[in-house]
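Submitted below is the structure of interest, expressed as C-alpha cells.
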C-alpha cells in the first residue's frame, strides 16, 4: 500500500512541475511580446566606438527588455563600408547596419535599409537628437538612422602657446595663416596646425572639403555635369597643401588618429577638427593638454563638415515588421538617453547626440561652460559638404588618393589632378 | 613498392582531384568573372568581353601598381639573398657551434611571426614621433623622421620588414647548408692561406649555387605575398607609392568600388604572369 | 621446411634485362650462397625469392607451391637485410614480435617464443632498448632473431655481414653456421665475400651478369672452377694467369710463351695444338726450387709481402707479374732471382677466348 | 682577431635587431598610452594589465581565437589526412607522373592570393557559404594540403626502403606498412611539416580578410581591426594583441628548428 501511495505522490509532483513550467513559459513569452518581438539575437555590424564598448557592458539590460541578446561585429571604417555593402546587398546577416552620412544615400536608395521611424519606439524620443544629426540622418524625406556620433567642426587651440606668442584666436583664414606662421616652431616641438593626409572620402577629403565649399565650390551642376574642376577647388587645394607645411609629420599619411593624437600629445597649437575632439582634449586620460585648451568656431570662410554616424535597420535580415521592430528596439536602446549618460560618465564625449544630454548638469560638470557654448556656436557654420549621392564614396575615395599624392609630393599639378578626377566622375556618371 | 598495389592510386587520386578542384575552380571562375561587369553589390552581371582588360591598359594606377610590384620583387629578393648569405657566412665564421644554434633559434623568430604582427611592430617602431627606430634621428636632429609618409622611402621601409622576416630565416638555412658541405675543400683552401671571405666567395658559395638559386626562387614566390605588410603599414600609400598589384586588386574589388569583374581581370593577369614565369624558371633551374 | 625450384626465371626493368634466365633447384635443409661481384643480379634474385620484386618470367616454387604472385607473407620466408632494417621506433622486443602480432599469436606465446629466440642469440638484456642503442653486431642479431621467430620454411640473407667490421664478421659468420646446423632451415644467402661463401655454403651459386656461372660445393668451386672468371673470383690471394700457346713435341705437351715453356698432363685437359690458352696457377701451388725443370718458372722477385707464417712473393716473368705463397722462413729477398715450380696436377687451363675451363670433366 | 671581434659584434647586433623590437612590443603591451606616446622612449613605467585584460575580455577576440583554432587545426588535419598519404605515394613511386604531380602541388604556391581570394569570395557568396568556418577550412586546406605534401616528401624518402620491405616480409600489406612503419618512422619530419603548414594558415591574412566578416573571422583580422578601436590608435591594446597573436607560432619554434636541422643534416649524407 505504502508503495502505491508514494508512486502516486511522485506522479502528482511531476505533473505540478510541468504545469508550473508551462505557465512560466507562457508568461515569459507574453512579456517578450509586450517588450518587442525579438526571437533571435540581434546582430549588428558596426565601426569601433568607445561608447559602444560601454553600451556592450549593459547587455543584460537589453536582454531583459527584449528577451534576446545582441552581438556587435566591429570593422574599421573602410572595411565596414565595403563589407556592409556586400552583406546588405547579397547576404543579409545583420539586423542593424552602421551607416554614415557618406553612404546613407546608397543604402537608402537601394533599399538595403528600412526607414527607421516606422519602427522606432516613441518612448525613446527621437526628437531629442541634435537637429543637425537628424538632418544628416534624413534622405529623401525619411529618417534612416539614429546617431551614435556626429557633429560639425570645432576649432581647438592651446591657450598657453597663444599667450606666449601673444596672438588671438584667428577669425579668418588670413588670420589663421598669420597665427600659424607665428607660432609654428618645430625645433621646440610645436607645430602650427594639423591636417589629415590619408586617402579617403572621410579622411583627407573630409578636411579639404570645408575649404572647397568655403571658397564657394560646388560638386555638380544642376544637370549632373561635374563642376568641381573650378577655381574654388584649385584655391582650396593650394591652401590645403600650404597649410600642410605646418602640419606635424605622420599627418601626411595620417587621418583623425594622427592629427588629433598630435594635438592631444601637445605638439600642435591649433587644429580644426570634428567636434568630438573637444571633449577628448579635455579628458586627461586622452590628452596631455587638457588644462590648456580653448575652443572656437572654424575661421571664415570655412564651413564645418557636418557628419553623423548611426544605426539603421537592415532590410534583408529583417523581412517582417516584427523583426524590424526588434532591430529598431535595439537601435533605440543603444542610442537612448540612459546609454548616452553612461558614455558621458565614462568620458566618451564623442558619442553623445542628445540635446537633453548636452543640457544636463552632468555634461556641464564634465566639460564646463566653454565647450557646450563653442559647440553651439559652430552649428550655424555646419554644412553638408559632400555630394549627396550613392556614387559619392567612389568619387570621394578617388579624390582622396589623388589628394594624397599631391600632399606627399608624388604629383604637383593641381589642374591636371582635378582634370583626372573630372574624367573619372564623367565615367562614373555614365554607368 | 609492389606495382600491383592499389596504394598509389588510393593515396593520390582523391588528394590530387581535390587540389585540382580547389585550384582550378577559382582560376576558371576568376577568368569568367573578368569578362563581366560584376560588382560586389549585386549577383547579376553582363558579359562585356575584353573591356576590363582594355580599361586596364589605360589605367594609370594599374600601370603604377605593376611597376611597384616589380620593384618590390627585385628589391626584396636581392636584399634578402645578400643579407642571408652575408649573415650566414658571418655566423659560420664567427660563432661557435653552440652560439650558432642559439642564433639560429633567434633568427627563426621573425619569419614565424604573423606578418600582421611584424607589420605593427615595425610600424610603431618607425613612428615619426614615438618610434624607437626614429628616436636616434629625432634626438640628434630634433626633427621628426616620417619614412612611411615619404613616397621615396615608404616602399623601402615596408621592404625592410619583409627582409627582416625572410633574411634572417634564409641566413639560418644558409648556415645549415654551409655546415652540410664537405669540409675538405674548405680545409684545402685554408691550407692555401686563403682569407675567410675568399674561401666563401670562391669555394663555398659557388658550391651552394644550386640551393641558393632555389632559395631565391622561393623568396620570389613568397614575395608575391606582400599584401599583409602593405595593408597594415601603408595601405598602398602615400598616394599610390606602395600600391602593389594585389593591393590594387583588393582596393578595386573591395574597398573603393567593389568592381569584382575589374579586380578579377587584374588577378587573372597576375595569375598568368606568375604561373608562366615561375614555371619556366623553376623547370629550367631544376633541370 | 622446403625446397626451392627456380625455372627459367627472368627479370627485366623496362628494357634492361637484369636476370635473363635463372634455373636452380635448392634442396630441403640446404644452405645455398649466391656469390658474385656487385651488380651480378644476386640480390635481385634473392628479392624475387622473397617476393619484394616482381618476377618477369619463369616459375618459382617454394615447398612445391608456385609462389610467383604471392605476397611475401604467403611464401613462408623470413629475410635478414644488409642494413638490418630494424624498426627504429620500436623496442627490440616489439621488433622481434612485430610479425607475430599480425597473425594474432597470443601474447603469452609471443613472449615465450621471443625469450627462446633471444636466449639463443644472447639478446636477453637488450629487449627493452631501441635499435639505435645497440651495436651493429647486436642489431644484426636482432634482425636474425626477427627472422627466426617466425619459424619460416626458408631463410633469406641479403649480405647480412657486410656492414660489420672484419672481426665481428668472422664471429657472426660462425654463429650463422652454428644456427643453421641447429635449425636445418633451407637458407639462401647472398654475399660478395668469398670467405663467407666458402665457410657457410653447402653449395655456392656463383653468378655473373645475371647468370649462373657455376653451381657446386665450395670444394668443387675452388678446385674445379669452370671458367677463368670463377677461378679468379675464388681464392685469396688470387690465381695467377698467364697467356700461353699449346704445343706438342712427341708425347710431351707444352704451353709456351714469352720466356716460358711448361709441360702439362694432357690427359687432364681437352686441348689441341696451337690453341691459345690461359694457364691458371694458385699462388699456393708454387714451390720454391733450386733446379730448373720443365715445370719451373724463373723470374725476378720485386716485392715481398710478409703475412706472418707465410709470405707472398711477387715476381716478374717476362712482362707478366706473378705471385707465389711460400713459407715465411723460406722467402727470398727482394731483387733476387727466383725459381718456382708448379705442383703436380694443380694447374688450370682456360680457353683464351671463351674463358671456359679446359679441364676434362 | 679584430675582424673576429667585429664579426661577433655584428652578430650580436643582428640578434638585437630581432629581439629588441619584439621585447619593446612586449613592454609596450603593459604601458598606458601616456607612457607610449612619448617623444623619448620610456623604459621605466608603471606596468598596467589594462591592455591585456581588454584584449582578452573582448568577445571578438575569443570568437576569433576559437575560429582560428578550429579553422587552422581542421585545415592542418585535412592536410594530414590527404597530404601525408599523397606525399608517401609520391616519395615511394618516383616516376614521370608523380613528378608532374609534385610540380603541380608546388605550383599552387605560385597562385597570387588575391587571384584565389576574389573568385572564392564570389563562389562562397553564391553558395551561401560566405563567412562560414567551412568555407575557410576548405580554402585553407588548399594551402595546408599542398604544403604538407611538399614538405613531407623528403621525410618519407628518408625512411630506408629496407625497413618497409622488412615489414612486408613480416607479413604486412602496403597500407599497414604505411601506417605502422613509414608514418611512425618519419614522424619527426612530418610533425615539422605539419607545424609549418599550421603557422602558414595561422598567420594568413588576405584570404581571411576577404572571405570573412564576423562568424569565421580569424585572429589576425581582429588584431588588425584593433588598430582602429575607438578614436585614438590604442597602441597599448594593439601591442597586447600583437603579443597574443604571436604566441602560438612561437610555441612551435623548437619543433620547426629541429625540422630544419633534420632536413639539412640528411642532405649531407
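We call the chains A, B, C and D, going by the order they appear; numbering starts again at 1 in every chain.
In the analysis below, a residue touches a chain if its C-beta (ideal position, glycine included) is under 8 Å from a C-beta of that chain, and two chains touch if they have at least 3 such contacts.
Per UniProt, the chains are A = Carbohydrate ABC transporter substrate-binding protein, CUT1 family; B = Carbohydrate ABC transporter membrane protein 1, CUT1 family; C = Carbohydrate ABC transporter ATP-binding protein, CUT1 family; D = Carbohydrate ABC transporter membrane protein 2, CUT1 family.
Quick caveat: nothing in here was measured; it's all calculated off a predicted structure.
Enquirer: Please state, in steps, how far subunit D lies from subunit A along the shortest route of touching chains.
Expert: Graph distance in the chain contact network comes out at 1.
Enquirer: Looking at every pair of chains, which has the largest contact count?
Expert: Chains B-D share more contact pairs than any other pair.
Enquirer: Going by C-alpha centres, which chain is most central here?
Expert: D
Enquirer: From the C-alpha centres, identify the chain that is farthest from subunit B.
Expert: Taking each chain's C-alpha mean as its centre, the farthest from subunit B is C.
Enquirer: Give, as an integer number of Å, the spacing between the C-alpha centres of subunit B and subunit A.
Expert: That pair's centroid distance is 38 Å.
Enquirer: As a quick test, compute the distance in whole Å between the mean CA positions of subunit B and subunit D.
Expert: Measuring from centre to centre gives 16 Å for this pair.
Enquirer: Averaging only over C-alpha atoms, locate the centres of subunit C and subunit D and give their separation in whole Å.
Expert: Result: the chain centres lie 56 Å from each other.
Enquirer: If you average the Cα atoms of subunit A and of subunit C to get two centres, how far apart are those centres in Å?
Expert: The separation of the two C-alpha centroids amounts to 93 Å.
Enquirer: Which subunit C residues touch at least two other chains?
Expert: In subunit C, the residues touching two or more other chains are 71.
Enquirer: Identify all positions of subunit D at which a residue touches two or more other chains, and write them in rising order.
Expert: Only 37, 39, 125, 168, 209, 227 qualify.
Enquirer: Of all the residues in subunit A, which ones touch at least 2 other chains?
Expert: 79, 86, 90, 265
Enquirer: Please give the residue numbers of subunit B that touch subunit A in the complex, ascending.
Expert: 40-43, 61, 127-129, 142-146, 148-151, 154, 234-235, 237-241, 254-258
Enquirer: So in the complex, the part of subunit D that touches subunit C is made up of which residues?
Expert: Subunit D reaches subunit C through residues 160, 162-163, 165-173, 176, 181, 184-185, 187.
Enquirer: What part of subunit A is in contact with subunit D in the complex they form?
Expert: Counting only subunit A, the residues touching subunit D are 43, 45, 47-50, 53, 56, 71, 73-77, 79, 83, 86-87, 90-91, 93, 189, 256-258, 260-261, 264-265, 276, 280, 286, 288, 350.
Enquirer: So in the complex, which bits of subunit C are touching subunit D?
Expert: 50-52, 71-73, 77-79, 81-83, 85-89, 98-99, 102-103, 143, 146, 150
Enquirer: Provide the residue numbers of subunit B that touch subunit D in the complex, in ascending order.
Expert: 1-2, 5-8, 10-12, 14-16, 18-20, 22-23, 25-27, 29-30, 33, 38, 43, 87, 90-91, 93-95, 99, 103-110, 112-117, 120-122, 124-125, 129-130, 132, 135, 138-139, 164, 168, 172-173, 176-177, 179-180, 221, 224-225, 227-228, 231-232, 245-246, 249-250, 253-254, 260, 263-264, 266-268, 270-271, 274-275, 278-279, 282-283
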